[in-house]
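The two complexes that follow have subunit A in common; it is paired with subunit B in the first and with subunit C in the second.
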Partner chain A sequence: MTNNTKWGVVAEFDSAASIYHAAEKVTHHGYTRVDAHTPFPVHGLDRALRQGPSPLGWIVVCCGATGICLAQLMMWWMNGHDYVFWVSGKTPYAWPSTIPITFECMVLLSGFGAVFGMFGLNRLPRLHHPIFRHSTIWRATDDRFFLSIEATDPKFDSRETVRFLESIGGKHVEIVEE
Partner chain B sequence: MTATAHMTAPSLQQLAPTIVPKVKDGDLATAQLGALVLGAALIGGAWATGGERFYFSYLVGYMGVLGICLGALFFTMVQHITRAGWGICVRRLAENIMGALPLMALLFVPIYVGFDHLFHHWVHPDPNDHLVAGKSAWLNKNFFVARIVIYFAIWIAMAFFFRRASLQQDENGDPAVSLRLSRVAAPGLLLFALSVTFAAFDWIMSLDPHWFSTIFGLTYFAGAYMAFFAFTILMAKWLGKRGYLRGAITVEHYHDLGKLMFAFVVFWTYTNFSQYMLIWYANLPEETRWFADRAEGGWGAIGTLLVFGHFFIPFGFLMSRHVKRNGVTLSIGAILLLVVHCFDMQFLILPTAGSHEQGPAEHGAGHVANAAEAVETGIARFTHDFGTYLHGVHWADFGCFVGLFFVLVGATLWNVRRANLVPLRDPRLAEALHFQNF
Partner chain C sequence: MTAILVVDEPENPLRRAALVEGKNDFASVTNIIAGVAEKRTPKGWYLMFGCAIALLLNLGAMIGYLVFNGIGVWGNNIPVGWGWPIVNFVFWIGIGHAGTLISAILFLFRQKWRTSINRASEAMTIFAVMAAGIFPAIHVGRIWVIYWVFPLPNQMSLWPNFKSPLLWDVFAVSTYFTISALFWFVGLIPDLATFRDRAMKAGRTVAAKAYGVFAFGWHGSNRHWIHYEKAYLILAALSTPLVLSVHSIVSFDFAVSLLPGWHTTIFPPYFVAGAIFSGFGMVITLMVPARQWLGLHELITLNHLDNIAKILLLTGTMVGYAYGMEFFIAWYSGVEYEQFCFINRATGPYWWAYWIMVTCNVVSPQFFWIRSIRRNPMALFVISIFVNIGMWFERFVITVSSLNRDFMPSSWGYFSPTLIDVLTYVGSFGLFFTFFLLFCRFLPILAISEVKGVMPEANPHHGGHHGASNGGHH
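For the complex of A and B:
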């Protein structure tokens, strides 16, 4: 270790039910910079962790609206303005002919917005994360449930937080270095 | 003891003792009677004042409300085939709605009586009309009547089968019932798709026997299924106000019903646009004439109204999860969609009404007159067309829809009062009661 600053504390739990109740106790105790790492989505865990609503929906809506505008602009410029070409008597830039492409561009940009917006919000891609230093974290993709409290949490205290997580049933409670 | 006795599902009593399992004796009877009387009065009033127009008005209301019952049958089968856990309690309401299908068969009588008026174009065709003559193998009265019997036999048999098995499960709690129903739902859905497609061809598309569109049955179904969700949301909300289904149909279930309603707003648009764009692109006279008819007589305004009222407005309104999880806003959305569903049925059916004597020459004249009016654009054009529409529309075009709607409300309540409110011992009941959206 070149730098001994703490990232946070990580605790292991046996079941979805036990991490759910632990999450409730942690947030009830006043911790805010908390997260859960589970092998599958646990219903209601985001509420137990008091996570705010994700802004991803707004990103997707904005990207979708951009897709609609760009598609219309493109077709208006190409078919209706720059290179007007009459095909089988249809008005150039007639609205029915623009709908499929507008729809596809909206879907494409919404999809990009959803995927890359999620990447951005999760600060991905990254090659390493301090939590991987925890001794049993690999089981988060298998059969164990992990709860983390970050050192930047105003209530964080290395000794107190470890003791608290142990008191609510956490196993392998470890301080993880940055 | 039977062999299956040891594997019965837990009952509602064990899972959620606070949920009322059945409507109290005599409760909702006034509402049921009131709905039936109001419905009958509206239909009677329409019949008394409508003249020959009544049959077309009745067809508008009938196809709109029949679609809700058919949507309920479809929903029940989809719930079984997907082995869905979330919608167990909603499914019982759908079963009660589709229980009105025998009554809908009885309510088909006025359409049969008005047969000659409604289907004039192919019942008494122009002898020189080769297009209609070529379709006589399908469009003849005997086969047409036989098909009415076949469609209703299929629908009533399926509705009866699925509802009875579900009610029996309330008694015996046998999980094998659920497995059997999920197997039967597969061929059931196939029969449903074919019967609804051909019924839509027969009862709406054949009003104009020259015109054809292979996607037509799907466009009808898309709107009907959306209307079913709107109806179900409103019925469940109303029953909730009367103290029933509390804890059984929660905000999570309304959220999902809202999502499905939203999905079928979009699906209706998708199918209708697919139909419109192909006809517009190919530009074949026998296909485009159907839309040309719907640009005249003020119907252009209703087409515009559908684009906004059946797509843009509900699409924007229902997109947010907060709107779908709020009882008031979701109900407003459902009412809006039922109103536009009525306009949709009018748009499909009424432009062919009263055009018995209109030959091709007059059609041409109509086009010329229309071209002169086309100078106006945008809002001015819409206002002008909407004025023409209001001038031509009869109150019965709405009255029959509302009347049949209330008849369906009454028939649904009749079934709701006689069955348990939720499937008491469905094996997935616990999953349904604890269901949560992410």
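For the complex of A and C:
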């Protein structure tokens, strides 16, 4: 078996506290391509795994600004330029009356940015993932906590990594194929 | 895993009651919630679903009849050009607002008790907005040109009038529906993954595939959770002003007109408070039986119901304040038409509707000052029905009693609904309950991952030297 068919090593832990401490030890030991798989977001795990914050806010700001500009452009062009139509003596394009629709368009595009941006950053949806080959991974959405170290990690060595994960309390430590 | 103590000490607000009662751990929470969808369909469900489908078919028939014959089949006529359809629209959209309040505003305020009621309330929002959206759509009369409300090129090369509050409504309601549905779906993904994995384990391949498609390949990766939690927070932050804007804009449909009784600046906050009040009423109406029939007592506890009752008391009293202030301003303005409109509301031909509204919305929630009533599911359920009735009448009073006696006494009239009006309204409950029953049957009715997140064991320092007394992330 060569390294390029392996995806990584996955170990099971039985509580939020144990995955937290295991994550601290794994990153302290020098592993970098590490991730946890948990039934709910465990507080502080991103720090323990040295994972940075999400850039999603910036995506959403850009989408929201686009929403504002598009709404303004649409209302100015349609009512004030392309087909000028006087209704009840009001100016064809009057900015105060554009506030509600501008706001709604900002929210709509920001919402799209948040949801589809999140899917994009997470590379979701995907039909399969190597981690699903692990024998007890189905409990990651129930009551167990998993730690994975990918084979692309510079420190990865199948025998050594398995032994290390067992030494820090991991159960069902398995090598997962690509 | 540690059992959770049931702590309930209202006299000591520093000690919070447990959000999950009984000896539950993560696995048992999954079992309770997933068990609802996995067990054999109860006979009662078929019975209720049959009734809901019958009402839904009735709604379809009524809409068909309306489209073939025109809106003359309703009771709407001059002077009351806006009758039940607008009343029903505002009624349903208001109900939706509690779901967003629970999912977004209570999330931003870190109210952890929301986790066990947010999923079902968000579902309620989506189905209520669907029921609401039907009414203005069919009210346009020629429904086949409904696309004229959207800024699409059409054969007259005419664009919509963006200065009209009715068009603001189109944008507000469609944005509200889209964002609520996305928010709900994002919340569902980790729980659908739970359902997928349980179905796979139990060998139910079809169910596993169906849930799997919608779970998007979720596997609880912490990198995913980081983006996911950020997306959830942003959606909550967007939904909070959105929900306030939607009912404000609905109130603009009335307030931007120049009609006495409608043209008032109190309308936006008054409508938002009323919307939240009516929505929480519907949450109680749905959750008390669901909790009973589906065995969710340990997850939706009396403390949850107690909290909802307090919100009902608060918002009901705010609505009562608005009723009083409207009357006061009508008198204080010195405008005789305003004064007449309000005197007419309380003592005119619709006096009965006005006093049903006041009794149901202002008087009935006052029982919630008493703690034993707040913690009695049966009493809550009864009062919630009064709230639903009262809030429908509020919209009826605002719409009809402002129109029926206009400026010229020779054109005064009395609005009476037709049978078609009544059956269309009843049919909208069929739409709502059909979807809600399907949701209860096939989807996680409580947010599994969020409930786990507020349990004490979810804290990585639980039981350690930090000695956290209550769990939860963040």
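The criterion applied here is as follows: the second predicted complex is superposed on the first by the 174 of 178 C-alpha atoms of A that agree within 3 Å, B and C clash if a C-alpha of one lies under 4 Å from a C-alpha of the other, contacts with A are read in each partner's own complex, and residues count from 1 in each chain.
As a convention for this text, contacts are C-beta pairs under 8 Å (C-beta built on N, C-alpha and C of every residue); 3 or more make two chains touch, one makes a residue touch a chain.
Treat the numbers as computed from the prediction; the structure is a model and nothing was measured.
Once the two complexes are overlaid on the shared chain, A:19 sits against subunit C while remaining clear of subunit B.
Using the contact criterion defined above for the overlaid structures, shared-chain residue A:43 touches subunit B and also reaches subunit C. In the superposition on chain A, A:97 makes contact with both subunit B and subunit C. Using the contact criterion defined above for the overlaid structures, shared-chain residue A:125 touches subunit C, although it does not reach subunit B.
Judged by the touch definition given at the top, the superposed model places A:114 against subunit C, while subunit B stays out of reach.
In the superposition on chain A, A:35 makes contact with subunit C only, while subunit B stays out of contact range.
Counting the residues of subunit A that each partner touches, subunit B and subunit C differ, and the larger count belongs to C.
Residue contacts after overlaying the shared chain place A:89 against subunit B, while subunit C stays out of touching range. Across the two superposed structures, the residue set of subunit A contacted by subunit B and also by subunit C is 41, 43-44, 46, 90, 97, 100. Of all the residues in subunit A, the ones that touch subunit C in their complex are 15-17, 19-21, 35-46, 49, 51, 53-54, 56-57, 60, 74-75, 78-79, 82-83, 85, 87, 90, 94, 97-98, 100-101, 103-105, 107-108, 110-112, 114-115, 117-119, 121-122, 124-129, 131-132, 137-143, 146. For subunit C in complex with subunit A, the touching residues are 1, 25-27, 30, 151, 157-165, 167-168, 171-172, 175, 178-179, 182-183, 185-186, 190, 193-194, 196-198, 200-201, 216-231, 234-235, 238, 241-242, 245, 249, 252, 448-450, 452-453, 457-464, 472-474. For subunit A in complex with subunit B, the residues that touch the partner chain are 41, 43-44, 46, 61, 88-90, 96-97, 99-100.
Within the complex formed with subunit A, the residues of subunit B that make contact are 273, 276-277, 280-281, 283, 319, 436, 438.
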